[in-house]
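Heads up, the next two complexes both have chain A, just with different partners, chain B and then chain C.
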Partner chain A sequence: MNATEIKAAIRTWILDRHPNYDAGKLTDETPLIEERLLTSIQVMDLVLFLEDLTGQAVDVTRLQKGAFSTLEAIRQAFFLGASA
Partner chain B sequence: MGDLQGLAERLSILSEQDRPPVDRGLEWPDAFDPEAWAFSPELSVLAGHPALDALDEAARKRLAFFEAVNFFSLNINGEKALIEGLARQCYRPETGDVTGYIHHFLEEESQHMRIFGAFCMKYAGKVYPDRKVVFPREHAIGEADFLFWTRVMLFEEIADAYNVRMMNDASLDPLVCGIHRMHHQDESRHLAFGRQMVRDLWQTHAPAWSDEVRAGVREYLVGYLVSIWKEYHNPAMFRDAGLSGAYDLSVSSFETDTTRERRRALSRNALNYLTRIGVFEEEPQL
Partner chain C sequence: MTATLEIPDLGWREGGQGVLRGDLLRLFRKLDTLWLRWADAAGALEIEPPPMLPAHALQRLDYFASFPHLATFACVHDEDAENLAVFGKHPWQADGSGLALGRLAPTTHVLTPAACYHVYLDLVGQDLAAPITVTLGTRCFRREKEFHPLRRQWAFHMREIVCVGTAEEVRAHLASHRTKMLELSERLELGATFEHATDPFFNPGKSARYLMQKIDPTKEELVFGGDLAIGSLNFHRDTMGAAFEIRRGGETAQTGCVAFGMERWLFALVQTHGLPGAIAAVDRELDGGDA
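Presenting the complex of A and B:
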C-alpha cells in the first residue's frame, strides 16, 4: 500500500465509526483526538486494524507521543516506509 | 473512609497469614504437553463460532494454548498498569490510612506477574503486547482516582470469573489450574478492597461533579469494559494457532451469541455492584 491508500483506509475506518461527521472536513491534518474522532478506548481497535494492514504486531508503549494525533501522524508511526 | 480503613487492616492480616512461598508450590514441566488443554474449551472465544467446526482436537488444543497465553498476557499488561497506579496511591493524604494494605496488594500483583510471565515465556517465548493507550486529559476532582479504581475492579472481576471457572476444570492441565487458583486466592481480597474503594470515591466525589462529568464517566466505563472484552479476541493468538483470517475472526467472534452472553454473564456482578452504588442509573448493555 502507498501512503495515499493507507490514509484512505484509516480515514474509512474512522468515518465508519462517526457516520454523522462531515467527511469533507476530515483531512490528513485534522486533529483526531481534539475532534473526538478517536478516543483512547477506540485506539485498541485501530491498532488491531493497523496490525492487520501492516502484518506486524505493535507495542504501543514504544510509540512516540502524538502517534495518533492525525491521519498523517498515524501513517508515519505505523507505515514509515510507505511512499506517496 | 472509616470502613475502608477497617477493611484494609483486616485484609492486611489475611495477607500476612496467607503469605505463600514465591513459587506458590507450582510444578513446571520442561515443555507444555500439546495433548493437554490450557484453556477451557467452553470459554474459548470461538465457542459457538463456525470456524471452530473446521478444527480437529489437536488444533483446538493449540488454540486453547494461545488463548491461555493471551489470558496470562492481558493479566500481565493489566497488572503493569495496576502496579504503576497502586504505587502512586501510597503515602498520599487521601489514602494514607490504607497504604499498609496497598503494599500487600503490590507484592501480590508482582508475584502474579512473575508467574503469568513464567508461563508465557517458558512455553510460548513471548508475552502479547498491550494495546491500550490513555490520552492525557483534564479530570474533575477525584475523577481520575475513581476511574483508576473502577478500571481495576472491572478488570479484576472479569479475570477472576475466568479464574474461578478454570481452577475447578478437571480437564485442564494441572499447572494451568494451579495458576488460576493462586490468582483467585489473592484476588478475592483485592476485589473486596477495590469494591469498597470504588464506593467510597463515588460517594465522596460524584455529588460535586456536573451531570456532564457523571455522564462522561459512565460512557468511559462502558467503553473500557468493552475494550477489556475485546482483548480476549486478540488476532495474534489466532495467527499463532495457525488460523487464517485472524483479524476477521477477532471481529466476527466478538459478535456471536455465545460470546455476547458470556460477556453479560461474567460482567454481571461488577455491573450490578456499580448500578447498586449509583454509578450507573441502569445496568448497561454490552
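Presenting the complex of A and C:
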C-alpha cells in the first residue's frame, strides 16, 4: 500500500463509524480527536485495524503524543516507510 | 529527595494513614482556605459530599476495568444470623493477617477514589444553560503497593475545583488555574513544574483510556522535587459528560478539574521551609489576598 491508499483505508474506517459526519470535511489534517471522530472507545479498535494493515503489533506504551491527531499523523506514526 | 523527612505534628498509622495534629493541621486548614478563595474567585459552588460513591456511578466510567487495583470497597456482611455469629466468634484469619470476613452482602458502595466524580454524579441527566464550577475537598482512598507519610497515603485529602461546560469554558478554567498554580509555586519557592502525565491504569497496554492519555495528553501534573505530583489539571473532554449524560447547551458537556493533593502540599511546604516557615509563607499568601 502506498501512503494515499493507507490514508484512504483509515479514512473509510473512521467515516464508517461516523455516518452523519460530512465526508467532504475530513481532510488529511482534520483534528480527529478535537472533532470527536476518534474517541477513547474507538481508539483501541483503530489500533487493531492498524495492526492488520501493517502486519505488526503496536506497543501502545511507546506511542507518542499526537500519533492519532490527524490522518497524516497516523500515516507518519505507523507507515513511515510507505511511499507517498 | 528523601521520603523520610521528619514531619512535626504528623502521626503515622499502619496501612498508610496519617494523623495531622497541631501546627501541621493548622497549615492544612490555611492551605485549604487559600484554595477556597481561588474557588470563590472562580464562582464555584462549594459542596460537601459523602465519603462513599455508589458503585454504579464508577461503573459508568468503566472505573473497575481501569483501576481495579486502587479501589477500596465498603463491604458489609450478609445479615443472616448464623453468618454474623460465625464471624463474631472467629473474626480473625488464623495467621492474624487480617479479618476473616464471612459471607458478604452485595457491595454497592466504594470509598471515594477521586473527588470530582461526586460532581458529575450530581449532574446526571442535566442540560446546563451555563457552565458550572464546583469545589469540594474530600478524603480519597487509593490502595497502593506502598505508602509514605504525606507523599502516598491510602487515605488522603483532595481539593478540587471542577468546571462543567463547553470545551472553551473548560479550557479557560484550566488555563487560568495553571497560571495561578505556577505563580503560587514560585512565590512559595517550591520550584514545581508542570509535566504531562497519565493516570495509573491497570494493565495500561490494554487500556483505551491510557492510550488516549498518551496520544492526546490532557492531564498535567504540577511536580515538586522531580517526582511528587502536588496538583493536577485534567481535561476530560466529553468522557465524563458522556458517562454521566450531562449536556451543556444541548451538546455533551465537557469537563475539567483542578486538583490539589493536600498532604503532598504539606510535604512540599515543610520540606522547603520547615513547619513554622511554611505557616508563615501561607499566611503571607492569605494576607496578600492574591486569590
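In this text, the second predicted complex is superposed on the first by the 84 of 84 C-alpha atoms of A that agree within 3 Å, B and C clash if a C-alpha of one lies under 4 Å from a C-alpha of the other, contacts with A are read in each partner's own complex, and residues count from 1 in each chain.
Heads up, the rule we're going with is that a contact is a pair of C-beta atoms (placed from the backbone, for glycine too) under 8 Å apart; a residue touches a chain by one contact, two chains touch by 3 or more.
All of these numbers come straight from a predicted model, not from anything done at the bench.
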(request) Kindly classify A:Ile33 by the partners it touches after superposition: chain B alone (first), chain C alone (second), both, or neither? (result) both
(request) Mind working out whether A:Gln64 is in touch with chain B, chain C, both or neither, as first, second, both or neither? (result) second
(request) Look at A:Ile41 in the shared chain and tell me whether it touches chain B only, chain C only, both, or neither; answer first, second, both or neither. (result) both
(request) Would you please give the residues of chain A that touch chain B in one complex and also touch chain C in the other complex? (result) 33, 40-41, 43-44, 47, 59-61, 63, 68
(message) Help me check something: in the complex, which residues belonging to chain A touch chain B?
(response) 33, 39-45, 47-49, 51-52, 57-61, 63, 68
(request) Enumerate the contact residues on chain C facing chain A in the complex. (result) 196, 204-206, 208-212, 214-217, 237-239
(request) Using the touch rule from the top, collect the residues of chain A that touch chain C in their complex. (result) 33, 36, 40-41, 43-44, 47, 59-61, 63-69
(request) Can you check the complex and tell me which residues of chain B touch chain A? (result) 128-135, 220, 223-224, 226-227, 230-231, 235-236, 246-247, 250
